[in-house]
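We just call them A, B, C and D in the order they show up, numbering each chain from 1.
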Amino acid sequence: MINKVVSGAAEAIRDIADGSTVMLGGFGLCGIPENCISALVSKGVKDLTCISNNAGVDDFGIGLMLHRHQVKKMIASYVGENAEFERQLLSGELEVELIPQGTLATRCLAAGYGMPAIFTPAGVGTEVAEGKEVRNFNGKDYLMEYAFDADFAIVKAWKGDTAGNLIYRSTSRNFNPVMAMAGRITIAEVEELVPAGALDPDQVHTPGVYVHRIFQGSGYEKRIEQRTVRPKN
Amino acid sequence: MINKVVSGAAEAIRDIADGSTVMLGGFGLCGIPENCISALVSKGVKDLTCISNNAGVDDFGIGLMLHRHQVKKMIASYVGENAEFERQLLSGELEVELIPQGTLATRCLAAGYGMPAIFTPAGVGTEVAEGKEVRNFNGKDYLMEYAFDADFAIVKAWKGDTAGNLIYRSTSRNFNPVMAMAGRITIAEVEELVPAGALDPDQVHTPGVYVHRIFQGSGYEKRIEQRTVRPKN
Amino acid sequence: MLDKNGIAKRIAKEIRNGYYVNLGIGIPTLVANYIPDHIEVVLQSENGLLGMGPFPFEGEEDADLINAGKQTITTLPGSSIFDSAMSFGMIRSQKIDLTILGAMEVSENGDIANWKIPGKMVKGMGGAMDLVASAKNIIVAMQHVNKAGESKLLPACTLPLTGVRCIKKIVTEMAVLDVLPEGGFKLIERAPGVSVELIHQSTLGKLYADENVPEMQLD
Amino acid sequence: MLDKNGIAKRIAKEIRNGYYVNLGIGIPTLVANYIPDHIEVVLQSENGLLGMGPFPFEGEEDADLINAGKQTITTLPGSSIFDSAMSFGMIRSQKIDLTILGAMEVSENGDIANWKIPGKMVKGMGGAMDLVASAKNIIVAMQHVNKAGESKLLPACTLPLTGVRCIKKIVTEMAVLDVLPEGGFKLIERAPGVSVELIHQSTLGKLYADENVPEMQLD
């Protein structure tokens, strides 16, 4: 099987250059590629267009890149938890395109599945529809939305094998599988890297063909945004 | 969790009536809903439109229904292995619509994902394109193909739970997950029915929300179409 | 006049056995607390979970298991996990029976505004636009009037829209209302002690009320 | 003149290390036998498998594990299984580096016909239309002439098309040919002992040949 293993985050992101378009998996701080984000911060690459459901918080996730002014444009569905983000947005330093969450996911799917555009009713009649083609099917209006075209997709999985096959854990799956399919170059960081053959082919969520580089990450913080619990009785 | 269990194939297909449109999972004879096909033959329901990648063989799979003249129209990508099929087709008893295999799969996906139409390059410039809208994206032509609208989808899984969650085994997965999402009513027969909670949520291929009725089948023949082997050393 | 829990309690009565339900953030989340035990429902969280369970016991939080509000949660026997494309796929294909969400404004033709206030920091629509555009059955949980006492049930929304002609039922601190297909709010129930007159005064959009409007039964 | 195995052997030389490859039924299937050990390739079977292994040992056949030709097969370490929508998704998004398939006719502008003969029972296109319309790199394995000696490399296909302007390379019992972007077949290599004259006679479409056309190296 083709070996996709690279030494670590620095090597994995080696050719992400100023001005690249980069997808980052995760929902909130759940399932985000922590190691690659750190490496992007260290590398200091700038003027990135980031496609991700959220923009992290002030001191974690994509927030770390915002803090260093590495992001030129953010494409997301919800960016609420980040004061520095708000400051940059209001001062005009940061460009933001907000799109419906399902549209975000489906534009990734479209890229991964070789569909140049998809139809969704989300946003019909709202400012999201401005400038977009509206088409009626069976009495209902839909917007035509285009597949994303991202230079890189960076995803986080639970387990991966040397052939690039990925398995996600619980709701840290979220956008990771669809973004993994959507990058021209897809980079996967995993909590545990295993030899090809150690994963059950039936349980693979992302087939290795979609993954170009894989490495075992380290030091995962997995920060919890809203720690909600109930008393033990 | 909502319980989707029915007593067996007869109950599961109780309301499939003459003239219904029915999707059937499987590729060749692999992963076909054997129990429901038998029940449809016993019930004698007629004038069905069947959507399935193949049409079975003379004495197995959808071939059993063809033999009883239960199928009015077959929508498939490849119908090669069936003499009775050929006879009915040439005599005009059976209507056949052949569509590219990827188009078949993606029209199912479109139904399951609430996308009224999708774009595919398959069939551009061929007779498959006749009467269809051609649209150019980024210099390449695509056909617009519509989501299927099937009254019923019948799928076969390896394991299922009482909540309707399904796990497929090996390449018997094929069209089953996309058809499971595409039926107005989806019926699943499984080799092993387990209680809700017995399946790992991360390993579920078809979430129970897509499945309306489930039962444990019996007597699976799982016939092999092309038995190819190599000598043991 | 109902409090937030009262609104949630009233909405819970709309939930039928066997429903798959998506609950938005805020009052809708509270609805889960009032679903009777004999009603079997499955909660969807649009970040990729069917079968959302209660909050975890203290010390058992799992950073990989959160809901769309980023809260730590649990699964239930029969839960399933999937990616965001499938999650919104099942929303668009109307496999989710009921969506409950909040609103800042609803218009008499069923338009809803709940994601953006011009001049204020815009956080984004998240999944709300997908949900309102796709759901076959939406209940809005909202305040009838703002803090200044001005109606939020309007002839037309003044805020940027989240979706058009999609809302069919509204539950507020004062009333249960349907949005009529031909336009206008139809008063269905009054909150305990709230008069039809007060509801009329609090509703800027067209309001239709029969002579006798029953009081809500909350138990 | 090559036999089927010779054609397969020659095509195998086109396969580069790290390729994901889809092999059609017939001669293309034979190509797998000639991929050198030092070349790492992953075979895709469009019914939902990456990493197709050899036929199973006798007695170890698994009815649930077949390839697109419905033959019993095996998986390899690192294989993955997926549904038909994802399978054609990865084909359409050009994650498969090379598709090898048979043809009845190819035209000088790269059109291919391989699924239907008018008047004969039509079995269907299976996945062929998807593959030819999507693949970035297609090699056709075919006979240069039919049993009557008539060319199958034509100015225009006479049979119903499978795809248009998609074929770039052809390997026959006589030759390796490229289809030029501006139209026409370019003779790249001759089969051992086959003259350029014979290839000219056997090619009805426009054929371009340099003065010296090398013989294939098959080892």
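Here is the rule we go by: a residue touches a chain if its C-beta (ideal position, glycine included) is under 8 Å from a C-beta of that chain, and two chains touch if they have at least 3 such contacts.
Fair warning: this is a prediction, and the values are worked out from it, not measured in the lab.
Shared contact partners of subunit B and subunit C, listed by label, are A. In terms of the distance between Cα centroids, subunit A is separated most widely from D. In this assembly, the C-alpha centroid of subunit C lies 56 Å from the C-alpha centroid of subunit D. We define each chain's centre as the mean of its Cα atoms; on that basis subunit A and subunit C are separated by 29 Å. Rounded to whole angstrom units, the spacing between the C-alpha centres of subunit A and subunit D is 36. Spacing of subunit A relative to subunit B, judged by their CA centroids, is 33 angstrom.
Counting partner chains per residue, subunit C has residues 49, 75, 81-82, 85, 88-89, 91-92, 134 touching two or more of them. Contact of a single residue of subunit A with at least two other chains is seen at positions 106, 109, 113-115, 120-121, 168-170, 173, 201-202. Chain contacts here follow an irregular pattern that is not a line, a ring, a star or a complete set.
Listed by label, the pairs of touching chains are A-B, A-C, A-D, B-C, B-D.
Contact residues of subunit A toward subunit C in the complex are 27-31, 53, 76-80, 86, 89-90, 98-106, 108-109, 120-128, 158, 168-178, 205, 222-232.
In the complex of the two chains, the subunit C residues touching subunit A come out as 45-49, 54-73, 75, 81-85, 87-89, 91-92, 111, 121-130, 133-134, 160-165.
Only residues 18, 20, 40-42, 44, 49-51, 75-82, 85-86, 88-96, 134 of subunit D touch subunit A when the two sit together in their complex.
On the subunit B side of its complex with subunit A, the touching residues are 106, 109, 113-121, 137-138, 140, 142, 146, 167-170, 173, 201-203. Put simply, subunit A touches subunit D in their complex at residues 1-3, 111-115, 161-163, 165, 181, 195-197, 201-202, 204, 207-210.
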